[in-house]
Amino acid sequence: MAEPLLSIRDLHTHFDTKAGIVKAVNGVSFDVAPGEILGLVGESGSGKSITGFSILGLIQQPGRIVGGSIRFAGEELVGAETTRLRQLRGRDIAMIFQDPMMTLNPVLRIDTQIVEAILAHENVGRAVALGRARDALAKVGIPSPEERLKAYPHQFSGGMRQRVAIAIALLHRPRLIICDEPTTALDVTIQAQIIHEMRLLCQEQGTALIWITHDLAVVDSLADRLCVMYAGRIVEQGPAGAVIAEPAHPYTRGLIDSIPSRNSRGARLKQIPGMAPSPLALPAGCPFRPRCSYADDACLNEPSSIGVGAGRDARCVHPLVARVPA
Amino acid sequence: MTEGAKPITTKSPPLAPAQAKAENWFRVVWTDFTASRAAVAALGVCIVMLIAAILAPLIAPQNPYDLMEISMFDARLAPGAVNPEGFHFLLGTDGQGRDMLSAMLYGLRTSLFVGVLSGIIAIAVGVAFGLTAAYWGGMVDTVMMRVVDFMLGFPTILVALMLLAILGQGVDKVIFALVMVQWAYFARAVRGTALVERGKEYVEAAISLDLSHARIVFSHLLPNCLPPVIVIGTMQVASAISTEATLSFLGLGLPITEPSLGLLIANGFNYLLSGLYWISVFPGLLLLVVIFSINIVGDRLRDVLNPRLQR
Amino acid sequence: ADLTMGFSSEQQSIDPLFSRTGPNQTAAAHIFDRLMERDEKGIFQPSLAESWKNVDPTTWEVKLRQNVKFHDGSPFTAEDVVFSIERAPKVPNSPASFESYVRSIKAMQVVDPYTLRFTSTTPDPTFMQNVGGVFIISKKVAENATSADFNSGKVAIGTGPYKFVSWTPGDRMQLLRNDAYWGPKPEWEKVTIRYISNDPARVAALLSGAVDVINEVPPTDIPTLKKDKRVNVINAASIRLIYIVLNQRDDAPGIAGLDGKPLPKNPYQDARVRQAISLMIDRAGIVDKVLFGQGVPTNNQVPEGILGYNPDLKPKYDVAAAKKLLADAGYPKGFSMTISGSNDRFLLDGDLVQGIGQLLARGGLKVAKVEALPYSVFSKAAGENGYGAWIFSNGNSAGEAGRGLESMLHTYDKDRKLGSLNRHSYSNQVFDKAIDAALDEFDDAKRWKLQADAAAIAINDGGMIPLYHQAVTWATRKGFSYAGRRDEATLAMSTKTAK
Amino acid sequence: MTAAMHARSTADVTPIVEVRAISKRFTRKPDLAERIAGALGARVDLRTVHAVDDVDLAILPGEVVGLVGESGCGKSTLGRMIAGILPKSGGEFFHEGVESAAWTPLQRHAAVLAVQMIFQDPMSSLNPRKKVRDIIGEAAVVHGMTSRAAQGDYVADLMRKVGLDPAYMRRYPHQFSGGQRQRIGIARALAVKPRFLVCDEAVAALDVSIQAQVLNLFMDLRQEFNLTYLFISHDLGVVEHLSDRVAIMYLGRIVEMAPTEALYAAPNHPYTKALLEEVPRIGAGKRTFAPVRGEIPSPVAPPPGCHFHPRCPFAMDRCKTVRPVLRAIGSGRWSACHLNDAT
Amino acid sequence: MLVFIIRRLMQSALVLFAVSVVVFVGIYAIGNPADILLPDDATEQERDHAIANLGLDKPLPVQYGIFLGNAVQGDLGSSFVFNIPSIDLILSRMPATLELAFCALVVALVLGIPLGLLAGLRPGSLLDRTIVTGSILGFSLPNFWQGLMLIMIFSVTLGWVPSSGRGETGSIFGLETSLATWDGIHHLLLPAINLSLFKLSLLIRLTRAGVRETMPLDFITFARAKGLSETRIVGVHVLKTILVPIITVLGMELGSVIAFATVTETIFAWPGMGKLIIDSINHLDRPVVVAYLMVVTLMFILINLVVDVLYSILDPRVRLQGIA
């Protein structure tokens, strides 16, 4: 595998709320190689978005990165100067958000929002920037970009807005794009369109992608590698196809089983019993223990990451596939 | 389905409770509220003021409404002065010889009464109006909102003068005048919230359960539109007290023999230049403290009740 | 030198004949002259009329002043007087015209340019005082002019000591000295009159030096201002009378028994009750405490020195006697009543109502309600039998007691136009006869006696309860002096540099 | 076409709900001002949204009908009309064979109560200021199905049926998880003893693991009470899992209707084909996505003829002008496409 | 747009009609203008004469009919007090009030928005608490009291500015205004501040609330993710977003500036409409009150129209037709 572009080690991001400390991200480690598409899946609230925001240093009060390291192209981002982070944001690392209706400022015109993103990192004239904005829109397949530039976000459909966001993300040919559930709010047909375009652009530019979602099916058809998050941790990671075909962690298994599929028609679905634990009060040991049918006393100790195959590892005492020493 | 179907044991496993403790909504609000010490202090002041106002007849050294008890020969005595009969005027006397302390206690009573009562009535009228407009929408809404515009455009002074002329003078008339000029604000505010709530699915659920319109409006819509109203309410109470003071200043307010804080200030206003500061400044400070505390409480309530600002 | 004055109220028009209310007359007096002017004490003196004589009871011959010039240089003649008097009752839309001043004129005859002969409809001893009050405008320029033409300055041309420069309603009026004035030359070359209706603001303007003279100094500030080295305070007792009337109609409102039930008979119809109420009122105390001394306690219709004043009518304060009278009248414990008044019509009227309320309560009545209302509301109810006992003011413009006594106290007689201000339905045949006679007497001394006697009849009967004559107060900055005037007018001509 | 549908409906069973040529237009009548402006020659923009455009649908007792379509195609609007929340702007609505215009007040009441709706957003569909006990029990008490005294037991019973602990009766909605809230909504609907449930994206907001729980509950309740469902979703996988029949909607019209197996095995309408192709399937491995061309047209100005023609790879000239009707193309299969005429 | 304006005008015609009826009946109920305009010692004949002169002797409906007939021809009658066409009277006072209101608004905007931003960006800080406390003080005290305090402090005691009145006016672009001369600005200062105090508090609070609600929104985070500077985020993204509610409220408040101006103008002897209306109400000068309310209502309608248009410019989501 190539030298990682992004390397996260033991990241902890906590929120200091009145009710207590929310350990949203609680020891996450993974690498992303250039040009790689990494899928990050997990239940709602498992800490996927917060991981993404942590990379960009966009955690807001009362949240804080309390430990760990994020190295981007060899440079440490945890504790970096705000000015430095601002230089990286948008230029080297871009992000696309979940809700296309909310990511663009509704009171500013599309051209303003694209041009300001260009001017934030490049010292070019307005006219040049406008030309670039037009090209960017054309590139993501928005018809008649010249007119569309003068429009306001509400005049665009959800899919088009998401494409504008993508166009903004691609402006500076970033080396890494974090996509935080960019298609969850969209229809399958639009989703297909966007995935198609993203993938094309990444191939052209060699950009790495972190694709955050809770839809395993999307990840399966898109990602090279897959990280499964549960309660602020990565419980399993490995090549996407392998993990889905043969999950090692009982949680991954449960997730895959509860998806209705062709052959399940009319039958009862398998469901993961119980509920995701509150990030305020994580159970001791393996956080999935209370819902896990394989759990025993061994799970009362925090499981460590173990190798379970080529490039795969899982945080489980009782992995469902054979353990392979690292 | 057949009547009295025997209960089934569902095959889905029971779900774990969302939260360990069942918490009362008011308890949550209260805990949040008390997180600010300033707000608690302000609430304390409000309560003390309220008690002082209610108990004014018992704790005031003098009944300033009783023409037999006051004497113009005691007029304009400085704070701490003692009259020939040995009565001690802690905060001095006003132009009529009323003991300032007593007059302020009674004035507080009147002001709070006027402010709170007019606020409550205006809320009731405005809320009913706004809810109706929002629930029915369309033509009803348009007509009702034009009425509101009309009310908002009318000068308070003219309204007060007309009512004074038609109904005469008195606390009830002032309250009526204040309600007349205030309710429209509430109608506006409530309509805004109600329009949002109207679009929520629980209202549709209520419609599909074939509940009556009255029940939907007052039992479902109303409770959800109240929080912003409570907040505007506290501010409007303050503004009612202030408006009443202005009306009194313009001679359109309360009967001068039964002064409110505002009327005391307005009366004392004429003495300010002459150095008889206490006639205006003491009630002014009291009014300031009251309105200030009400607003602090209101502000805090707004923060606490706004889910977007909650942590 | 220049002068800036701060006025409490503003004229309605520059047209001197538009309205005969105080502020209008004050403004007009700077620009226009009348046949007769009151002096500072309120006594009429010749002005444009140099002299006059009563040829017979209904004929008056007036000699006009010669060599008087209007501001535009044209000479003043009898034609102008005739024109002005003819215009006086006919100013369109006038809310308070000079009609009553000229009503008794039957005919006017120009004998020569400086001699005029008037015939009156009835013998009228006060004829000249009325006619003399009409402002004289120039026939030449003002023929067919409207009030608007005066406001714009086009025809605001008189013979007075100042020439009109400009008027910005709500803000100020500017005047320039008339150097060709026939009378004493005023000291100030440029005069600015600013309108500052709010009392403390007016005082503040004086203290901050924005204006040199203010009128209607709020009594509350007088004690402090008197001590202030930067200003002078000038006082004058005015002719304005503040008084109480008691409604004597059968259906007078606001009266009830102590139990709250209606009384079988209106107690105010009993003279003893009225007298008792008069005795309950400590006029000196009121003036001292409520008015800061800014008034003259009285039991007369006019102040001392004015025709009709009766020195025997002295204010009396005797609560014991009052209680006895009440008991005699059958109200040993009093009865429940309401006292009403305005709160924006004259100085401290709101406080006054409360003070009177206190005194009545101490005097043995149950004061159920004390109400002070804006005059706009108060005046309507006062005219519509809306009150039981109320306080009113009367600014006497006639220069003697008679007319006032008649209109306030004569039995109401619509046809003979008598008792028109007698809204409280007082009726006393003896007084009616006495005042009728007093009004027709031409001899001043006799008329004085007759009017004083009539006043005694009505006042001792409690027909009205005089309280005090209001003092008018001006304040100037150091270095200025003002000659206080009984007619309440504030004139640049009365302002001088202090010696 | 309706003849065939009637044949089906007049067979042995009366459809529990049937709509014929039902439509919903969201429009504003021009007010006086607009008429004046119009007379003055101004272009008055009175947008009419044909949210539902001439839809026929008959649902038999005990059936589960899936309704699939893109966002904004009118699924919810149709569901709401069937649930009696929105008045229709045209067409006929039958409940148990009686047309809505002919309803007596009592029949109206029964028809409204018999069809209940489960909403997409479990939080906003529950009144946040009411306790669960009242949310579930209020209507039953108002309509006399239980007494106020017995409300507690009635509600407890329902809560048990949907798998909620009756001990939580005095809690407020915000104290529950998403899945639990959805169950409260279901219990509220069941409380008035409905025969028909309209589930409008009832599981869309839920996580896969919780989605499984709720779907299982729907299936249990169907067996238990012989409930009929109109299951609205844009998730083809979920619909396939649950439904007997599926109707595909596009821009206010039903474009295809078929028994589930037949539809998924051999979609007929080009739009259905495109939809099924784009569904990512787990276990299928990496694949390429070939996007449907063109933008979704706006319901304000739908294209003439076949609404789908601008995006259809097989579009012919006729598609641009003539609206294809929904025609039977096999047993229980209907499709609205001109291509079927050619063959 | 045209529809929108036509609808507004039709509605305003109705409102104007209602206003005039209410004023007619209301003033009739309050009292008789003749009683107030006449001197105390006026006789009954004088009173009758005055009443006839003012046209008050006819029955009220007839009076209203006459008024309506004239009003349709653009004549709203002449002031009872000044005998000047009431419209002229009002228009002559309008510049003073508009200038005052304008300055008050500018003061409020120039101070209020930055203070609100400062407070909203650091919620809970000492600065925030100080600003918020100050803003509550701004509307806790009756306006007339604050006004006199200002006079006492700044003109009587310190002697910095004149206590009352309008100063010299000059002309800017053909408009008579005190902003054109130093003396005028000097005079304008205190009343403008007094009038702005309430608006200032309101603006601080609105801005602060707006900032607090906007900052956590996704598009702000997205703007950060684009690498924008904090200045640009606050100055453009946040400000433009919060401006929408601010403009709406300010539009409504601009109308109330006139109402509050009544008190301020009385205290500072400012020759504006506010002082005119209170005097006219006290004198029951019906033609002026009617005309004033018509002018003010029209102004309200105009302001709201401008605000709505602004609103649609600022917030493109708002379609004008949607606003009733």
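By letter and in written order, the chains are A, B, C, D and E; residue numbering begins at 1 in each of them.
Here is the rule we go by: a contact is a pair of C-beta atoms (placed from the backbone, for glycine too) under 8 Å apart; a residue touches a chain by one contact, two chains touch by 3 or more.
Please read these numbers as outputs of a predicted model, since none were measured by experiment.
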item	value
Intersection of the contact lists for chain C and chain E	B
Among all chain pairs, the one with the most C-beta contacts	C-E
Relative to chain C, chain with the most remote C-alpha centre	A
Chain whose Cα centroid lies at the greatest distance from that of chain B	A
Separation of mean Cα positions, chain C and chain A [Å, integer]	89
Cα-centroid distance, chain B relative to chain D, in whole angstrom	47
Whole-Å gap between the CA centroids of chain D and chain E	52
Centre-to-centre distance between chain E and chain B (centres being mean Cα positions), rounded to whole Å	25
Interface hub residues of chain C, defined as touching at least two other chains	200, 204, 207, 344, 374, 376-377, 380
Residue numbers of chain D (touch at least two other chains)	177, 213, 216
Multi-partner residues of chain E (each touching 2 or more other chains)	30-31, 148, 152, 156, 216, 281
Chain D partner contacts - residues on chain B that touch it in the complex	1, 3, 5, 7-15, 17-19, 22-23, 25, 200-202, 204-212, 215, 219-220, 223-224
Residues of chain C that touch chain E when the two form their complex	12-13, 15, 18-22, 92-97, 99-100, 103, 147-148, 151, 168-172, 194-198, 200-202, 204-205, 207-210, 240, 344, 374-377, 379-380, 383, 392-398, 403-404, 407, 414, 417, 420-421
Chain B to chain C touching residues, read off their complex	67-68, 70-73, 75, 95-97, 161, 164-165, 169, 251-252, 255-257, 269-276
Chain A to chain E touching residues, read off their complex	53, 56, 58, 60, 86-91, 94-95, 97, 99, 102-109, 116-117, 120-121, 152, 154-155, 165, 168
Interfacial residue positions of chain E with respect to chain A in the complex	215-219, 221-229, 232, 236-237, 240-241, 244, 314-317
